[in-house]
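In what follows, structures are represented as structure tokens.
Below, chain A partners chain B and then partners chain C, in two separate complexes.
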Partner chain A sequence: MTLSFDFPGGIYPPERKVRSSQAPLQRATLPEQVSLPLRQHSGRPAVACVNPGDSVQVGSLIAKRDGLISANIHASISGTVTHVSGHDIQIESDGQDTWDTLAPLSWRDTDARTLLARLDESGVVGLGGAGFPTQVKTRVIVRHAIDTLIVNAAECEPYITADDITLQRYPDDVLEGAQLIASLCGAKQIIIGIEDNKPEAIAALEQAITRSQLASVTLTVIPTRYPSGSEKLLIKTLLNRTVPSQGLPADIGVLCHNPGTLLAALNAVRAGQPLVERIVTLTGDAIARPGNYWVRLGTSMETLLAQVGLDTDRLSGVVQGGPMMGETLDTLQRPVVKTTNCLIAATQAELPPGPQESPCIRCGACESVCPVQLLPQQLHWYARAQDDDKLARYHLFDCIECGACSYVCPSHIPLVEDYREAKSRLRHQQIETAKAEHAKHRFEFRQARLAREEAEKQARRHARLAQTKSPTSNNRADATAQPASTAMPSAAPQTDLRSLRIAQSAAKAAVRKAEKVLAREAQQAPHESHEDLETQLATARENLKVADLQLAQARENTQASTEESP
Partner chain B sequence: MSDAVSLWGIASAIGILTGLGVGFGALLGAVSERFKGDDHPLVEQIDALLPQTQCGQCGYPGCRPYAEAINEGDALNKCPPGGEATIQALADLLGREPAPLDGEAPEELQVAFIREAECIGCTKCIQACPVDAIIGAAKQMHTVIEDECTGCDLCVEPCPVDCIDMLPRSTPLTHWQPVISPAAGVFASDRTLAVRGAE
Partner chain C sequence: MSMLHASHANDASSAGTTAPPTASLMRWVIIATLPGIIAMTYCFGLGVLSNIVLAAALGVLFESGVLYLRKRPIAPALNDSSALLTGVLLGVSLPPASPWWLIGVGMIAAVVVAKQLYGGLGHNPFNPAMVGYALLLVSFPTYMTLWAPPQPLISDTLWAQIMGTLPIANIDALSGATPLDAFKQKAQGMPAFQFWASDPLPDGTLEAWRLISLAWLAGGVLLLCKRIVSWHIPTAMLGSLLIMATLFYMADADGFASPVFHLLTGATLFGAFFIATDPVSAATSRRGKLLYGAGIGFLIIVIRNLGGYPDAVAFAVLLMNLCVPLIDLYTVPNPMGHPKRILGAPR
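Here is the complex of A and B:
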């Protein structure tokens, strides 16, 4: 199938992929030691479950996932754990490379629950860059009906060839992995989207599809244009469906997976091999032997680059990820993690430092290349002015941070940096507002509790008073109670009673309302915590108790005064 | 002529207009009662702008009482934890002139920390905490729940053994931290080269 649709904007940066795609896929030498961060994925960091001194094998579980969106982490070399901290686990190699794999499964005759549990155990996450746990992504069928699985092989960023090589070397396995995930999420069709600058991978895939004789798989070759590999744009290109603003592809029945992820998922099921290594593109002019390498997770970038002949004299900076969306590293003492797809060791001539930023001249070049049709120059003004309402109105959160606007800007304004900062600031504000709201509810609950305690104390005092009074009041008029009841005008207790009754019914209504809101929210989002709503309900209940006590007391008072008055 | 101003004519006109008035009035009243929106009285709106530290530095026992006082005409500048931003927001909401802050804004967010070895278990700080963020019991060690603490420092004063410190609030790595230096020269750098290559 060659039918494809179009997305607006986009740019054509120099590709520079040939350098790393020519060399065959190789294995990097086993590292002497690895440092495995506990947070290699999106969501919460994993929790370490080993202690220093423990001996581990390749694939031994060393950190368990914490909460729903998190992933297990496994030892990537065999040896001894030397260091465990809140951020990472370090392992010293014994040079043996003994494996500790799980039992192999045949996915065609295994039920979905076992397969999902296997993906969960194996710590498979999206290897394209975001690192979202694969098993969680597959579980979206609980809420959304999925009809299409898209294999995102576009790889539109310059330099990176990891997916290209994966498809050239393991086309059948990627296809089988796609079938595995498609059967798990109930997708009827599988579409592979690939840019036309990867002819070898396309040929390999075509052969694999012919071999497998699958009718449900289509290969769509799309024109090379950055950023066609962005999830939302690829869906638009392949299916002509638009992901709603701030929505997910699952909202329109689509799941996207990277070829590397599919391969890792298949290995986890078929070979019982947890995610302990990945294919990384090592490229850049400062490297003597660029290419793609199977690298154990946790390998230090410094040793890895030294292996492929890093020329430190010519090196001007190392970029992790692609040149458009990646980040420049300030140190090489960092480990390769699950989301490291590419390391570019660039020379000064290759990626020269950006020229000095000049003021925006409102040329509109950024607007015409923006693939999601935002107004980058407006966002730029509002982000610098911290005008949050306007940023929301111009849909800042729909920006995919592709960097096309910064690339074409004649004033060399680092636009994406501005957007990232504004996004983080807004997220931070949201957290702070939620925290303030939480504190408010707790304060209100405390006030209500103190009022209730006070009312109870009053009631007890009243009861004691009535007890001591009752045996004497029949014989002679009580000296202390009498002036109190006569001092009040007879109408006052009545109006008092009435307002208390109103207060009590208002408190009752508040409790009912709080219960209703909590029940509704609990039904809509059963997995989230509704602590604030629960506090509100508890506050309303306390208030109701106060109103009840006060009303009961006032009733007794009026009864007593009516009994005494005749 | 006398027909035009007949008593019947006037009476019927008054009757019809009164009837219409009463009818529509009743309709509007019923509709406004039936479709009542969530009303946010001014006090609620003011309260929403306050930082909810419940510290009492404004002279009122909590943020809500101060919001009520502002609604009754009290000054806007009595909230040090909120700082200038809160004064500005309140001034915008109420259409009043912003005044400079009465007091000093804290430089960083803080939380209370009890040096547990020194705590004698007197429960005084528990009673002082406006958001129930301290747990403990009489003659037992107390401790502060960091996530619930608003940093109001109301617990520091009542402590008879001075074992409570105000420490800067720790931010987990997952939280946003200001980006100081944008990475140099990754973006927009290929272009210059591409242009050079084309030439």
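Here is the complex of A and C:
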């Protein structure tokens, strides 16, 4: 145990964990059919690589990752593919449950590239809720030096006990999984952060650490207070380091993983078993046999809840995730996916509907519980007024949406809902402005290209004219026609030349500036597209060409006129 | 989104860690005024209760009237008891057995002008009860400075006073000075001990005010224990009041009253727990509340010692209400992950 630090605010909601944490971990019965969405992770949906009628085994690859941030999806039962669409793949079971595993690897004797490829192949993603692909997270070492791996076992949300049970049942495996990930990302120390309301898991971990005799692993028991398990707050609590606003833990040398993810990663490597099942907490007063269950991905929530004795008469609603940050489901015809950690079948008495909202009396209760030190009530006013300027100034995007403010609000204002709405509106706005900006740059480039083509045409015509003129330059008849064309430039040749010269050097400066900006941006964010900046540079170059041509032409004209005038 | 709410979370593990919902919050404040009201009634007679009953009834009446004109739902707004509370707070601030029309004018200023015309609960920049009080104080100074000396529960003239039929001269004869008033009227250069030795107040006045102040303190402690008000504003206000009073007292012990005198007479403790802590018109962040409270304490002493009014809670609170937008702007907390600032507007 080491010292732990404090974070501001926080609340003490009822835990309600006992019912699901007391029952032993069980296996849910194999589903007759599964429906596997192509998007069970953050990033882009996977692309199906099977067709209806194909027979698959447990662990067969059925959809491949698309792009960098995406993940493979595997069949979770053996049987026949019955349906493939842009959203999901359905499989009918053959009742055999035959497996198609990859070759087991010993991670201590295998190089990092093979291991990363294995995590990638196995479709391992963060099982805590966000579903970020684990291999991508581990690859941040390309850009950041990682010194610490944090095992986020705080599990501060009420009801959920999936991580608790995982640690009680598989402490050695989680520890080994942590070592695997730590070795991949080069972390020197592993810190397990766990709330003090999980004594069995703490005891199991302590024994496992003693057995493994690892000096680099520390177990830190932190006081139970919601939302201690929020990534940034846990890092603050364990290491007293602060993740910069809009930044990632990797920016300060930390990676966070959830115990379930570490177990899945170890299984993918050691047993060659892709991510096809996970531990789900099934709880709530409307369930007869609450507890934690190994559930195959794609199992319908309805069948799953029916298995554990769902009392539909007493049920008032099913919540996916915890009661603080989760969502109320409008239908149970949804499959369990990689990020489903908990289903709460709640009765009316347990999670009653929110009472009537009353006006904010500015009491400041929200401010005193906000763990990231925002002013929730100010944000509430500005969100309702759609005052985007003020929202940015009061750091709307630093809100972690933990719901502590909504929990304590004496006026029952759904504050977090307001923030989510405002955030999505602002994101949408940002996309729209980017689009408009993009269109503007494309238009400017087109204008510049047309101007350049026109100038080139002019130059060619001029050259042609000069060529045809030069042999007959002494021809008097032609010279009589000449004054009409030369009279105009000769009137103000000097000023015209000077302004063109100025225009040319301005165009040169614009090119240089565009180059500099592009180079700087490319260095700062090498993986992002800089199409707009490139377009701007191209536009500046076109403009420079136009200026060059015009200047050259004007010079020739003045030369011609000065030659002629004597 | 949060499906759990503190008001439903009645499990043993989480009970008593958060404040109750808005409506019962207001009711708790009303309950916490009971010790003070009882003490005042004991000392100054039933005139205190008549004030409160009249003011509260008029408050509810005016609130429903304005809501009706604004075409807003009336029941939920009355249910939050905020108009009732405003009535109670103004009622205890007025001299006992004030005439009905005085209370009526005060409540119109408080509920109709200061609260509803600004948009109702949560939108008023000024403390409604104090707006009503300040308006009455500057408009009807004669009536507002006539505090009867401590008297039996039922006085003979109670009904006539409430109905406003008692001539002002008679009231004047009935009334005495409050301790703050008396000290203010003290002859220039008279040493304080000489002043007190001259027995300037009717019997029991000073004791009555002390008792009442301590009763308000008891109610305030109840509010703190129930987490209905945070400690920031009362502590900052009383702290700065004591410091300021001590400074003045140290400079001229004869010219200025002692810190304890300032603390235990007038509306100091009532103001610290029941007026300054009105969340709607106070600063919002914790640092802001400290500044806001300290400002009130500072202004009270400045006005009492140097200004023209014997007591100053209403003016101090209203002046600091004016500063709230500025205080709020400069005390925005540092969110996690942002560079540290001591004070300053968010960028």
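In this section, the second predicted complex is superposed on the first by the 550 of 566 C-alpha atoms of A that agree within 3 Å, B and C clash if a C-alpha of one lies under 4 Å from a C-alpha of the other, contacts with A are read in each partner's own complex, and residues count from 1 in each chain.
Just so we're on the same page, contacts are C-beta pairs under 8 Å (C-beta built on N, C-alpha and C of every residue); 3 or more make two chains touch, one makes a residue touch a chain.
Just so you know, these numbers come straight off a predicted model, no measurement behind them.
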*Contact breadth on chain A, by residue count: chain C or chain B*: C
_Applying the document's definition of touch, where does A:G354 land relative to chain B and chain C: first, second, both, or neither?_
both
*Scan A:V372 for contacts with chain B and chain C and give back first, second, both or neither.*
second
*Considering only the touch criterion stated at the top, classify A:R512 as touching first (chain B), second (chain C), both, or neither.*
neither
*Touch check for A:A436: first (chain B), second (chain C), both, or neither?*
first
*Considering only the touch criterion stated at the top, classify A:R425 as touching first (chain B), second (chain C), both, or neither.*
first
*Identify the partner contact of A:Y407: answer first if only chain B is touched, second if only chain C is, both if each is, neither if none is.*
both
*Touched partner set for A:Q447, first chain B, second chain C, both or neither*: first
*In the superposed arrangement, which partner chain does A:V319 touch: chain B (first), chain C (second), both, or neither?*
both
_Going by the contact rule set out at the top, does A:S245 touch chain B (first), chain C (second), both, or neither?_
second
*Intersection of the chain A residues that touch chain B with those that touch chain C*: 13-14, 158, 319, 323-324, 326-328, 351-352, 354-355, 403, 406-409, 412, 414, 416-417, 420
*Parts of chain A lying in touch with chain C, wherever the complex brings them together*: 7-8, 11-16, 158, 232-233, 236, 242-247, 319, 323-328, 346, 351-352, 354-356, 358-365, 367-368, 371-375, 377-378, 393-395, 398, 403, 406-412, 414, 416-417, 420
*Inside the complex, what are the residues of chain A that reach chain B?*
13-14, 39, 44-45, 87, 158, 317, 319, 323-324, 326-328, 349-355, 403, 406-409, 412, 414, 416-417, 420-421, 424-425, 427-428, 431, 436-440, 442-447
*Going by the contact rule at the top, pick out the chain C residues touching chain A in the complex.*
1-11, 13-14, 17-23, 25, 76, 80, 120-123, 230, 279-280, 282, 284-286, 289, 328, 332-338, 346-347
*Which positions of chain B touch chain A when the two form their complex?*
47, 51-54, 62-64, 130-133, 148, 150, 173-176, 178-179, 182-194, 197
